[in-house]
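Please find one structure pasted underneath; my questions will follow.
Chains here go by letter, A, B, C and D, matching the order in which they are written, and residues are numbered from 1 within each.
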Amino acid sequence: MAILEIKNLKAHFHTRRGVVKAVNGISYSIEPGQTLGIVGESGSGKSVSQLSYLKLLPSPPLKIPEGEVLFHGENILAMPEERLRTIRGNKISMIFQEPMTSLNPYLTIGSQLIEPLIIHLKKSKRDAWKEACAALSRVGIAEPEKAMKSYPHEFSGGMRQRVMIAMALTTRPEILIADEPTTALDVTVQAQILDLLREIQKETQMAIILITHDLGVIAGLADKMVVMYAGRIFEEGPVEKIFHQSEHPYTRALLRSTPRVDVLQDKIPVIGGSIPDLSQVGQGCPFYERCEFRTDICQSTFPTSRKIAHNHETFCHVEKFQ
Amino acid sequence: MGLTYILRRLLTMIPVFLLVVTLVFFMIRFAPGGPFSAEKKVPAQVLKNLEAKYHMDEPLIQQYFRYLRDLSRFDLGPSFKHSNRTVNEIIAEAFPVSMELGLISLCWALLIGISAGGLAALKPNTFYDYIPMSLSILGICLPTFVVGPVMVLIFGLWLNWLPVAGWNSWQDRLLPSLTLGFAYAAYISRLTRGGFMEIRHQDFIRTARAKGLTETQILLKHSLRGGILPVVSYLGPALAGIITGALVTETIFNIPGLGRFFIESALNRDYTVVMGTSLLYFTLIFVCNFLVDIVYVLLDPRVKYE
Amino acid sequence: MSNSLWSDAWARLQKNKLAVFGAIFLTLEILLCVLTPWIAPYGFETQNLELTLARPSFAHWFGTDNLGRDLFTRILYGGRISMAVGIIASLISVVVGVIYGAISGYVGGKTDTILMRIVDILYALPFIFMVIILMVYFGRNILLLFVALGLTQWLTMARITRGQVISLKQKEFVDAARSVGVKTRYIILKHLIPNTLGPVIVYLTLTIPSVILEEAFLSFLGLGVQAPMASWGTLISSGVEVMEIAPWILLFPALMLSLTLFSLNFLGDGLRDALDPKGARD
Amino acid sequence: MSFGSWRLTLCTVSTLLFLSVSTLIPLSNAESAVPQVLNLGNGGEPKDLDPHTVTGVPEFHIIMNIFEGLVSKDPKNLEPIPGVAEKWKVSKDGKTYTFFLRKNAKWSQGDPVTASDFIYSWIRLLKPETASEYAYQGFYIKNGKAFNEGKLTDPNQLGLKAIDSSTLEVQLENPTPFFLSLLFHHSLYPVHKATIEKFGARWTRPENFVGNGAFTLKKWEVNRVITVAPNPFYWDKETVKLSEANFFPIDKHETEEKMFRAKSLHTVDDLPLEKLPLWQKDTTGVFKNHPYLGTYYYWFNCTKAPLNNKKVRQALTLAIDRDRIVRLVTRGGQVPATMFTPPGTGGFKPESRLPKDGSQIQKAKQLLAEAGFPNGKGLPSLEILYNTSDNHKKIAEAIQQMWRENLGISSSLFNQEWKVFLDNQQTKNYMIARAGWIADYNDPNTFLDMFVTNGGNNHSGYSNSSYDELIESAKKERNPKKRFAIFQKAEDILLEDLPVLPIYVYSRNYLLSNEVQGWHPNIEDIHPLKYISIVKK
C-alpha cells in the first residue's frame, strides 16, 4: 500500500514571459520504508514537483492545473491550508540543500528546533527542549545543550545539516523529503550524512524522497528511482535496473557522464545543448533537440509508458537504439 | 560586545566632543555679523557697553577658554537675545517639546512605515504593494514644507478637524508629528519592504514553512528580526533627520521647540544658544547612533563589536 | 566586472518596464533641459505684471506666477538648475566617497578605524548647522554651494564602498593581483573601484533625488539659487504660499519634481535588480 | 483588511473622536457673559520685556500695556493724553518740561509711582552698563549723551529733578518739539527699582515682574504664549474690560493667518503678501488696511562707481514705475513713495518730487546718457542686495525688470541671510541694498536725520553739508511751520541727490475679528488693550 501517490501532477509558473511548465504531468508512488530517488539536471522540475504540492512555492506565480497527490489516500491538493499545515513538518518533513542558509541566522538552534514539537505535538516548551536535545545527540552532535543555545553561524555546514535532519525528524515523520541534502557538503561529510539517513530510516521505517542530481548519492541510498527531464518523467524503476538496463537515451547519457560520484556538475558536459525553455515546450518530447536518436514522431508526441521489466518503465519512442 | 566596548566607545566621544566645541565655537565667531548688529545701527559706545557685558571685549581665545570652563560645569551661559534666560533654561524648556515631537513622529514613522512595508512585502506586486509604495515615493518626493501646509489646509481649515498650530492639547500633536513622520514613514516602508522581500526569499523561511508554521508565526518569529534590520540601521540617520526636520515643522506649526531656537539663534548670532543647541544635537545624534548600533548587535547575532 | 555581466544586467534592465519608463523620462527631461533656451516659449524673467497668477491657458500652458512670468518656461529653467544640482553634487559625492571608502576598506587596520571614525563624527554633525555655515560663507556662489551639497552626501557613499571593498578584498582575483606584485593604488583603481560600481550606481540614483530635495530645503530657507533664476525647490516653496489662490503654481513644479524622483527611483530599483539578479526573483 | 472595513473603522474612529472632543469642550451658555479674553498673533518671540533693553515691535506691543509712561496716546487721533502725568507744562524756551504725576498711579504690587522712579529709570536707560540700544532716546535730556558715553559720570548733572514725589522737572538740550510724542516710546517708561535690584536680569520673569501699566505680566512660556492680566492697582482700572490677553509669538505669517481662520486668534500681526488679494475681497470686515509710518527704499552706495554718479542714481530712480509695483507686485494698499518722509508724519506733508509712475522714463534715459552710459552701454552690471524674504525678492525682481526694459541695463540679485546682509550693508560692501525705515516717533526728524554725514544709520556714505545744517537747525526751531519748511528743504536736497531710491510708503494689512471693540486703526499702529473689549457677534 503506497503511502504517497502522485498522479499526473502539473505545476506551472505564470510569469510575464508566459507559462513555464516546470512540472508537466508526472506520476509515481512510494511505500513506507522505501527510498525514492528523483534525479535530473537543474531545472528538470524535480524540486518543484515536491515543493509544489506542499505549497512551499509562492502562488502566484505557481499554479497546479491538474493532478492528484494522495497521502494515505487523501488528496493533499484539495486540502485546506490548515489541514495541510498539520501534515507539513509533521507527517511529511523536509531537509534542504543549503544547510548554510536554511537555518534562521537570527534565532538560536534550540528555538528553531523545538518549533515543530510545540506546533504539531503540542509539547510544553520544557519537554520540547528535552526532546530536541535528544534529537541532536541522535544525529551525532556532542554537547547538545550547548548546541541548543548556539546560533547557526557558529556551526560548520555538516553540523548544520545534522541540525536540519534532527529538526525534520523530531516529529517522527512518515515521509522525509531530502532536497539535495549533501550537495553543499564536502565528500567525507556527505558520506556521514547519508549514513545517518540510512540508519534513521532503519529505525523508523519512514519513507525518503531523495532529490538529487548526483547519481552516486542515489546509488548509495535509494531503492527506486525516477529520472526527470524538463518537467517530465523519462524513466522509473529500481535503482540497479536503471543503472544497468536503462532504455532511455537521456538516462544513458546521464549515466555515461558520471565517471565518479563527486565530480558531476550542474551542466553535463557530454550531453550537447541545454534544457529547453520551459515556457516554449509543446506536445513533443522535450529531449528532442538534444537526442541523437530522435525520430519525427518525437517532435509531435510525448511517448506513453513502456514497460521494460517489473516496476521498470521508460518513456521513449525509440525501442532499440544501441 | 561587552561593557568595555561601551565604555571605550563613550570615551572616544570626549575628544570628538571637544573638537566639535572648538569647531562650532570658531566657525560661528568668524561668521559675518554679530549678536548686536541690527537694522538700526547700535551706536559704537552702546556696542562697547554690550560687548563688555558679555565678555566679548576679551581676546577670542580667552573667551574660548572661558566657555570651556563654564561648559565643564554644565553652564552654557546666558542667551544674548533672550536676555532674561540662560541657555540651560531655554534648553530645559524647549528640548522636551522637541523630544516629544520627535518621538511621536518616530513612532508614526515606524508604525506606518513598518506596517505599510510589511503589507507590501506580504502581497508583492498587488494592490497592497503598489498603493503604499507609490505613496511612499510621494512621501519621499514631497518636502515637509509642502506636506505641512497642505495637511493644515485639509484637516485644519477645510475639514476643521484639527488645530492648525500650537502645542497644548493632544490634538495639537497630530498634524505636526504626522508631517514630520511622513517622509520617514515613506523611507521606512521601502526599507521594510526591501528587508522582508529579501528575507522572504531566504531558505530559512522555506524551512519554517516546511515545518508547518503559519504565515503569522513566520512573519513574527522568523521574518521580523531580519526584515527589520535595514530599518534599524536607518534609525540613526532618521533620528538625526527628524531632529533637523523639526526645525521646519516647528516653524510651520508654531511649536515652542528647540529647533526654532536653533535656527533663530544661528540667524541672530546668539552665540551661546547656537553653541548650546549644536552641542546638544551633536550629543543626541551621537548617543542615538550608539544605541542603534547596540540594538543592531542584539538583533543580529552574527555582528560582533570588539 | 566582465562584459557579459554588464550585458546581462542591461538585458534584465530592459525587461523592467518601470525602469525603462524611468530611463526614457529622464532622457527626455535631460534633453528638454539642454534645449530649454531654444524651446522655452518665453524668457524665464520676462514679466507681465498685468497677467499675474493666470490660469493655465493656451498662451501659458501651466499658467503664470505672481509676477506674470510663464510657469512652463520657469519649470524648464528650474529643471536645468535642479538636475544640474542633482547630478553635479551626486558626482562629487561619488568621487569623494568612493575614493575615501575604497582607501579605508582596502588599507584597513588603523587607517580604516581613523577614517571611519571621522565619518562617524561628520555623521553626527547636524546637517542644518552645516547649511547655515555654508550659507554664511558661500551664500554668494551657487557653484560652491553645489559642491558643498555634494560634500554633505559623500559619507554614506564612503561607507557603502568600504563595505563592498572589504568583501571583495578577500576574493581570489585581488589575491592574484597582489601575489604578482601589483601596486596598492593600481589594485584600488583597476580592480576594486570598478567592482564596487554596481551598488554605487544604485546609490547614486538615490542620492540625486535627495540632493534635489536638499536644494529645495535650502531654497525654502532662502539659500538656493539667486532670483530671478529658479529651481524646482524655489518654485515649489513659492507655490505653497499661493496654493489656495492658484493651486496650479504648486501643482506643476511638484508634479515635475515627483515624476523625476519617481523615475530616478524606478531606474534605481531596476538597476539594483539588474546588477544583483539574486534579489529579482519576482 | 478589506477596503470597506477599513473605511468603516475610520468612520467609527472619527465618530468616537468627535464625541470625545465634544464632551471635553463645555458648551458655551448663550446667556452668560462673553469671556473677555483677547488672543493676538504677535510676530516673533520677545527678546525680553525690559523697556530699556528691548528694540523690537513685538516687545513694544506687550510693554505698552504692562507699563505706562508720563504721557499716553489717544489711539483715535494719536494726540498725547495724560498717562502717569496728570498734566504738564513747558517753559517759554521749550527746554524745560514739568510733569505733575497723578497721586493714584501705582505699581502692580501697590507702591505709588513717584518722580524719583522716573529719574531712576532714565538714569538706568542712559547708564553705559545697561547697554541700551535705545539710549539715544534719552539724548534729548540735558547731558544725556555725555553721560551715556561715559564722559560724565555723575547722574546728578543730568537735566532731571524731582521737585517732590509727584513733580518731575526735565531739562532738555534743545527745544524738542516732539518730546511729548517721544515719551510714549518704551525706552522712557518707568521701571521698578526694588524689583530690578532684587532680581537682576530675571526681573521680567512673571513671578518677579512689577510694572505700572493697565495690565501686568501673568505668564510667559517661551515661544508659546505671553499672558497679561489687569493690574489691580492701576489708576484707571475701571476702563479696563479684558480679563486676559494672550500674545502668541508666531514667526510665520502663514501660520498666523491660518490660526485666525481657525478662530484661534482675534488678530494677526501681519498678512502674507500672497494672501492679500484673497482678503481684499473679504466682505465680513475683518480685513484692515491703513498706511503706516515707514518707507521702503533702496540704498545706493555713493562711495563706489558707478553709483557715486548722481545722474546714474537719478536715472535709476526715475526709471521705475512705483505705481505698478504697489498695484501689481505688493498689492497691499501701499502708497508710491514720491518723497522720502511718509506724508502725515507728525503732521508734515512733504511735496511729491518723484514720479508716481513711469512718466519720466525719457528723462531717465537722457540722464543716463548724460552720465556717459547711453542706453546703459558701458554701465557695469548692478547688484541688488536684499535679505532673504519672498517680498523683498519679488520687489527686486520687478525693479530689475523695469531697469532692463526702461534703461537697457542689467543687474543681478543677491539675497543674503539677515546678519550677513547687515554686515555687508554697514561695511558698505554692496552696490544697491534693500532697506526700510519705521518711525521711532511720530516726527519727520526720525526719517530725515538718518542722512546726516556719518550718521549711524546712513549706510550710503552720503554727505552734504547744507543738508546737515538744515537738520541741525530743525532741532532748535520751535515754530512748527518754520520747522516743516526746513524739513521740506531737506527733502528737496535728498530727492535731488538721491542716496536712496524711495519705493513705497508702508501700509499695515492685518485681520481683526469683528468681536473686538475699541481697536482703532491708526498710522502708528498703536492699540492699547486698555480700551479693548470683546462682544459676541
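Just so it is clear, a residue touches a chain if its C-beta (ideal position, glycine included) is under 8 Å from a C-beta of that chain, and two chains touch if they have at least 3 such contacts.
Just so it is clear, the model here is predicted, and its values are computed rather than measured.
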item: For chain B and chain D, chains touching each; value: C
item: Chain pair with more C-beta contacts, C-D versus B-C; value: B-C
item: Central subunit by CA centre of mass proxy; value: B
item: From chain D, the most remote chain by mean C-alpha position; value: A
item: Chain centre separation (chain B, chain C; CA means) in Å; value: 23
item: Centre-to-centre distance between chain D and chain C (centres being mean Cα positions), rounded to whole Å; value: 45
item: Centre distance in Å when chain A and chain C are each reduced to the mean of their C-alpha atoms; value: 49
item: Distance between chain centroids, defined by C-alpha means - chain A, chain D (Å); value: 87
item: Set of chain A residues in contact with two or more other chains; value: none
item: Residues within chain B bordering two or more other chains; value: 31-32, 149, 153, 267
item: Overlap residues in chain C, where contacts from two or more other chains coincide; value: 132, 136, 244, 282
item: Touching residues (chain side chain B, partner chain D) in the complex; value: 31-34, 36-43, 45-46, 48-50, 52-53, 78, 81-85, 90, 93-94, 149, 152-153, 156-157, 160-161, 163-167, 171, 251-257, 260-261, 264, 267-269
item: Residues of chain D that touch chain B when the two form their complex; value: 14, 21, 45, 47-50, 53, 55, 128-133, 135-136, 148-150, 201-205, 221-224, 248-252, 254-255, 258-259, 261-262, 264, 417-420, 422-424, 426, 435-436, 440, 456-457
item: Residue ranges of chain B in contact with chain A within the complex; value: 202-204, 206-214, 217, 221-222, 225-226, 299-302
item: Touching residues on chain B, where the partner in the complex is chain C; value: 12, 16, 19-20, 24, 27-28, 31-32, 124-125, 137-138, 140-143, 145-146, 149-150, 153, 197-198, 201, 236-237, 240-241, 243-244, 247-248, 262-263, 266-267, 278, 281-282, 285-286, 289
item: Parts of chain A lying in touch with chain B, wherever the complex brings them together; value: 51, 54, 56, 85-90, 93-94, 96, 98, 101-107, 115-116, 119-120, 151, 153, 164, 167
